[in-house]
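Submitted below is the structure of interest, expressed as structure tokens.
Naming follows writing order (A, B, C and D), and every chain is counted from residue 1.
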Amino acid sequence: MKSETIELFAEPTLVVEDVEISGHIIDSLILPKVLDLITTRGGSFRIKQITIGQARNDPSFALVEVQAHSADELADILKQIGDHGAVPTVSHDCHLEAADMDAAFPEGFYSTTNQKTEVRIAGKWIEVADQEMDCGLVISPDRTTARCLPMVDVRRGDLMVVGHAGVRVFPPERTAQRHLFEFMGSSVSTEKPKAVAIREIARELDRNRAAGGRTLLVGGPAIVHTGSAAHVCRLIREGYVDVLFAGNALATHDIEQALFGTSLGVQVNQGNVVEAGHEHHLRAINRIRRAGGIRRAVEDGVLTSGIMYECVRNDVDFLLAGSIRDDGPLPDVITDVLEAQRQMRERVRDVTFCLMIATALHSIAVGNLLPAWVKVVCADINPSTVIKLSDRGSFQTVGLVTDVEPFLRALVAELASMPTEPTL
Amino acid sequence: MKSETIELFAEPTLVVEDVEISGHIIDSLILPKVLDLITTRGGSFRIKQITIGQARNDPSFALVEVQAHSADELADILKQIGDHGAVPTVSHDCHLEAADMDAAFPEGFYSTTNQKTEVRIAGKWIEVADQEMDCGLVISPDRTTARCLPMVDVRRGDLMVVGHAGVRVFPPERTAQRHLFEFMGSSVSTEKPKAVAIREIARELDRNRAAGGRTLLVGGPAIVHTGSAAHVCRLIREGYVDVLFAGNALATHDIEQALFGTSLGVQVNQGNVVEAGHEHHLRAINRIRRAGGIRRAVEDGVLTSGIMYECVRNDVDFLLAGSIRDDGPLPDVITDVLEAQRQMRERVRDVTFCLMIATALHSIAVGNLLPAWVKVVCADINPSTVIKLSDRGSFQTVGLVTDVEPFLRALVAELASMPTEPTL
Amino acid sequence: MKSETIELFAEPTLVVEDVEISGHIIDSLILPKVLDLITTRGGSFRIKQITIGQARNDPSFALVEVQAHSADELADILKQIGDHGAVPTVSHDCHLEAADMDAAFPEGFYSTTNQKTEVRIAGKWIEVADQEMDCGLVISPDRTTARCLPMVDVRRGDLMVVGHAGVRVFPPERTAQRHLFEFMGSSVSTEKPKAVAIREIARELDRNRAAGGRTLLVGGPAIVHTGSAAHVCRLIREGYVDVLFAGNALATHDIEQALFGTSLGVQVNQGNVVEAGHEHHLRAINRIRRAGGIRRAVEDGVLTSGIMYECVRNDVDFLLAGSIRDDGPLPDVITDVLEAQRQMRERVRDVTFCLMIATALHSIAVGNLLPAWVKVVCADINPSTVIKLSDRGSFQTVGLVTDVEPFLRALVAELASMPTEPTL
Amino acid sequence: MKSETIELFAEPTLVVEDVEISGHIIDSLILPKVLDLITTRGGSFRIKQITIGQARNDPSFALVEVQAHSADELADILKQIGDHGAVPTVSHDCHLEAADMDAAFPEGFYSTTNQKTEVRIAGKWIEVADQEMDCGLVISPDRTTARCLPMVDVRRGDLMVVGHAGVRVFPPERTAQRHLFEFMGSSVSTEKPKAVAIREIARELDRNRAAGGRTLLVGGPAIVHTGSAAHVCRLIREGYVDVLFAGNALATHDIEQALFGTSLGVQVNQGNVVEAGHEHHLRAINRIRRAGGIRRAVEDGVLTSGIMYECVRNDVDFLLAGSIRDDGPLPDVITDVLEAQRQMRERVRDVTFCLMIATALHSIAVGNLLPAWVKVVCADINPSTVIKLSDRGSFQTVGLVTDVEPFLRALVAELASMPTEPTL
């Protein structure tokens, strides 16, 4: 942290730059955060001007002189506070550097966040497309568009943004409107009024369907183990799910239940452990492999119920991503994780609401891909999954420590009692 | 454990005693357990006779010679295996010793289990009353009855059983009938079919009500925080709860909700945090203290809804036991824990079904008091509570890691759709 | 929340009051919090004057006009923001009301926080003694002193503060100094650098001992079950513990280990389950009851090792508080929870550091009694305990999800390698 | 389950087959399990002969007639009890069927367990190689050897075992010797004596190194986040780790720490959050990509410390398996999960001890690949990971709910104080 060296004789020469911050900078805690960052990174500041909005929703404005001990320190500070919307008053274009090799950024690359970002090229601010965290920023050859680019997709010669100059980030502002996504906040407490949360999620699903948005369901096998597959089937049939992301396990146990009535060998409807049942999931996979895949199994009448069946029947776009713990796997599973990421990336582009249920791996993977403004609900009985998701630090992510089956049952019941008309 | 000393020259003289074991000793794993105990305690055995039931439900019988290196070791082994139903073929009366002081047992006292127990007095086996673990056994002055006696209730001169002779314990046998209490077993997995479990609990509640049994609900404040009070109110009104055990917190937040609409300052119906709300629970307690207690508050119209209100209105016997984290407390709280235990003990005598929800302290306290044959369901989102309860090691205890609100909501819905007629 | 009614024709007449806030109101997020409270409670504001400290540690000042629709709403807002240090510029004395009955406050009583508080009497601000949350404020008959008073200790005629006028609260300010209590913050993540945390706790223990502070250890029985009693014994012998709060279980299993080598029947040094061991704890309690208590048992040579033994030998003040799940209990256990609270309250008055290990019940009980400025470390493998403690919302409380035995072992090792000299 | 149809007029004709079971069939609970399976699968039995070992370690023998209502039911029962070592007295060769397509088994394939298995070909029992659960059994073209074959590796024409005839499984027998792997059993309690467990694991590591066994470490990134990388480095340098399985995250954060001193942006040595630190892991990956991989980065002096560095320097065979949540990833990561499984499978063949730390995904993946007789210790602060591993149901798997850093610190200290000489 801060250097402990004491400068005895000389006042160090400071390098300075003015930045401006505007918006709900007090109400949204942006100004305190920026001032805090400056000092914790070794700098100091002088507030040259401040105008505080007279009402809670009035924007405020601050002009702050950032002081640092060296050009490097200043650059470092500007980079940090830039992520919170503090923009130098004298703007520069972003710096570009051509990639010198495939599948790696130039050293000093700009590392993206999941928040709305703009780059300045030829004096003009351009909005970045395909916003995603932990990427680089690539500029089109004609320098008119910018987008986020994963490291492995870099091609030698790509124009990459380096450094922090000429990039600005728009942190999310808390709105005055109070809703689920504010009340639940970053909390993972198990002792919140659950009925309210469930009702709000139902409303959000309904609103999203009515508005023509796309809802992504990310689910783990506990959905099937706990006997909740029927609830998900109903959500699919009623048009509440547009895309399904899952792994081999959810699809396998769903098909196991459809073919054998068990999930991991447990009879889902009666709760009995069927002793030979541990083989069922393998037999289910084998049968689908023999049939040539899930879609073919549905078409040929091999698979006649369950979540995967409903996806095929209701044109829900499903994607099964592989993992090293997969048995089989099902022939539909994408076994290369980079290819899976690519296909997930494409499909999340137009997602407007995301419900993550009972899967740490897939939830975190999808959380990495989504821009900060997509609303996300993550429900899991294991608090650690919920904590990890909530650490994304967006007001748009709600974590819910709950039990899958009764949660989904209640959600379906809330949707059934919703006053809205069915989808057109 | 086993002595490491090596006996060089002499075969040690063994002391022996024959024991017999009968019942489903193979199917119920009792024989292996007994043989295991003998050897792990340093002894050895010879199976003199064995008759194995020809069908799964036929009882078996074994006559086993227990061999030990000393009389002490033999007594120790006999004591251990006696808890699993292995009875010496030559029976002795139990040994009695008069308590030499109040509130303590004689050294060498027999320490009870929660399983059905008999003592032999004057050649006759007498069933022990008030069965409870971690007590002593007191014999009536006329030596015709026996019952479990907590340590603090000993009075000088009480006839206490010492040693293990003349005491026999009947371990529970697994029945062939498959039901919830078998299927859920001692498991705490979160990935079990929950709908089955909830349906079975509903059936059990219904059966118990129909059969005139008494259902005890043991509940924690998360019932109120999660917005589940209304579900419990409905269970009470419909006669599914005969006794309620809780602490100051459940009653306080229930009353807080009734008076202010909040639980720990959170608006239960809307989920908003009411900023001053942290004071509400204290104001609620104060108001009840001013009214002279819960019953008076209901009678005077101060308290007009909620769990405690329904208890008063529907003659549900409630008991609030104090703890050191209590604010206030409510005037109805029993602040002395021994007095609370005494009153709980009296009230569990005729309980036939017990539902424990979201409280570790009260669940464990009640678990300590109940005989092994009372069916218990413990539901908590925190696996550690469920694990502790399941460690009671009875086939009659079911642990369920679940979320209170959707769990209770589903339970009430199951009961509503039950085909049985209402209570007469 | 906010009224949805639209006022069509008339601008409602506003009632207003000026408040001032000073200190690190931006850096500490106090100003945003106050402005947020005003608007969420239905009011509005106008910032009449603001002076922002030019450097991070310079205090700032704001003069804010609070606007409300009614006197009641205004009083409500002033009460809320008063808890965050916003004081009306025109001050009033506090309002007093004599208690009209024993053991209850007058309606409208001022409900205390755990933060530094002052009341204004006869124009003078007086600091409140015995600061504790969820109490009332009682003024001495001569009106020169004020202190927190628990509800049950109210006596008819006591002068109680009602309403919020004339009371001001000093919220804790984050200091620029970076230490454990800042870095760990309110976080409960299991994935923090643990060595740093353990080293900082060791330093804090050492500093506290050297400075003549008093360290309170609050411990649960898992200390003994996990084989950590020896570590605690060492902390006691080396003067790192001045007071011990625990329940019957810690003392019982500690004595069980001293007498029988087991904890809940598990051999602590070898990990074997001793089959009859489940009786050991009851025999341990019985033996101490027969000896006349822990101190007598030590003096008479019945108890010769363990935590309780070391407490007696090293004059550590110990307090055992009862709970309804207690077996026995030991004769030293205070079975009335109100009496236990009273004695705990007396003993925490001069505590300057508090280490809570592996007990939810006792940790929360003690957390309720401590003022916000006492540093607290709560270590538990169960995240829910840590979350509950951290919800106290003080920068002084550090939660650590960790495993008791290796944690205490590492703590003792850190202390052993500390460069400081031993206590004088 | 059991058919509820009542057969009115005729005693159904039973089909029967004699099976024999030998070994510690009572002590190891095998006989009760077999009898239980017979009846729960709808059959009945008659014990024709039973010889019970006279001492605890003497083997027993039982000859049991299995009765079923149909040939199918009989086959089903024989299959189930065959997994527990009950072998028909009249043995048949196994049935073989040539695979009719690539990457799928014939319907009716024999599904393997992770226990020692033999197949009968031409009257001779042959031991199965590469034992692994959830595979098929393939016989060499010359019919002299058998091995487990994953579904995807099937090639058209492979001779696969179908049905259960001619296959026998040897369930693990509990040995009389009491050690860690017995005492810890399947338990996941957090309240076990941890020092004992850690000492036993240290002994096992030491024994394994001395005996020339191979130890596999499976680790997650929390090792680095919690500041435990140095402990693992020491284990590697001292020869306690022969193979490392991990994912992109462990290697990335280890390299991040080596290059930047942070893990996920947290300074591991001081616990400070470095604000820009969230970029460090991406810069670390990028730098390794630019260097051409981990080995090259070590050779070129780019990477000079940390776990991955020590692996390269000490010839520890490391394998990084990809997942969909990977950033980057590092160029050494195997991004195809089937390829990763293949390489893991090869490397576990000669592993004799496996330590799994703080990773659910990799632990379960490796657990799937290991035969039941390889000793496994799984340590995680999240009980759900430990529960999932323990469900493998082998006496060889020990689950430990503990905190990574203090656990590894204590383990290293135990090893340092071990009396054994260093590896030769």
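Quick note on the criterion: a contact is a pair of C-beta atoms (placed from the backbone, for glycine too) under 8 Å apart; a residue touches a chain by one contact, two chains touch by 3 or more.
Because the structure is a prediction, the values reported are computed rather than measured.
Participant: More C-beta pairs touching across which pair, A-C or A-D?
Facilitator: Answer to which pair has more contacts is A-D.
Participant: Taking mean CA positions as centres, which chain lies farthest from chain C?
Facilitator: Between chain C and the rest, the longest centre separation is with D.
Participant: Chain A to chain C: how many Å between their CA centres?
Facilitator: 37
Participant: Calculate how many whole Å lie between the centre of chain A and the centre of chain D, each centre taken as the average of the chain's C-alpha atoms.
Facilitator: Inter-chain centre distance comes to 33 Å.
Participant: Counting only residues that touch at least two other chains, what does the list for chain C look like?
Facilitator: Where chain C meets two or more other chains at a single residue, that happens at 1, 40, 178, 190, 267, 270, 272, 382, 384.
Participant: Which of the residues in chain B come into contact with chain C in the complex?
Facilitator: By the definition above, chain B touches chain C via 1, 37, 40-41, 76, 79-80, 101, 103-105, 107, 109, 111, 134, 151-152, 270, 272, 275-276, 278-279, 282-283, 285-287, 289-290, 321-329, 335-338, 340-341, 344, 360-362, 364-365, 368, 382, 384.
Participant: Taking the complex as given, what residues does chain D use to touch chain B?
Facilitator: Interface residues on chain D, with respect to chain B: 1, 26-29, 31-32, 35-36, 38-39, 44-47, 50, 52, 54-56, 176, 178, 188-190, 383-384, 387.
Participant: Residue numbers of chain A touching chain B in their complex, please.
Facilitator: Listed in rising order, the residues are 178, 180, 183-184, 190-198, 200, 221-222, 225-228, 263-264, 266-273, 381-382, 401-407, 409-410, 413.
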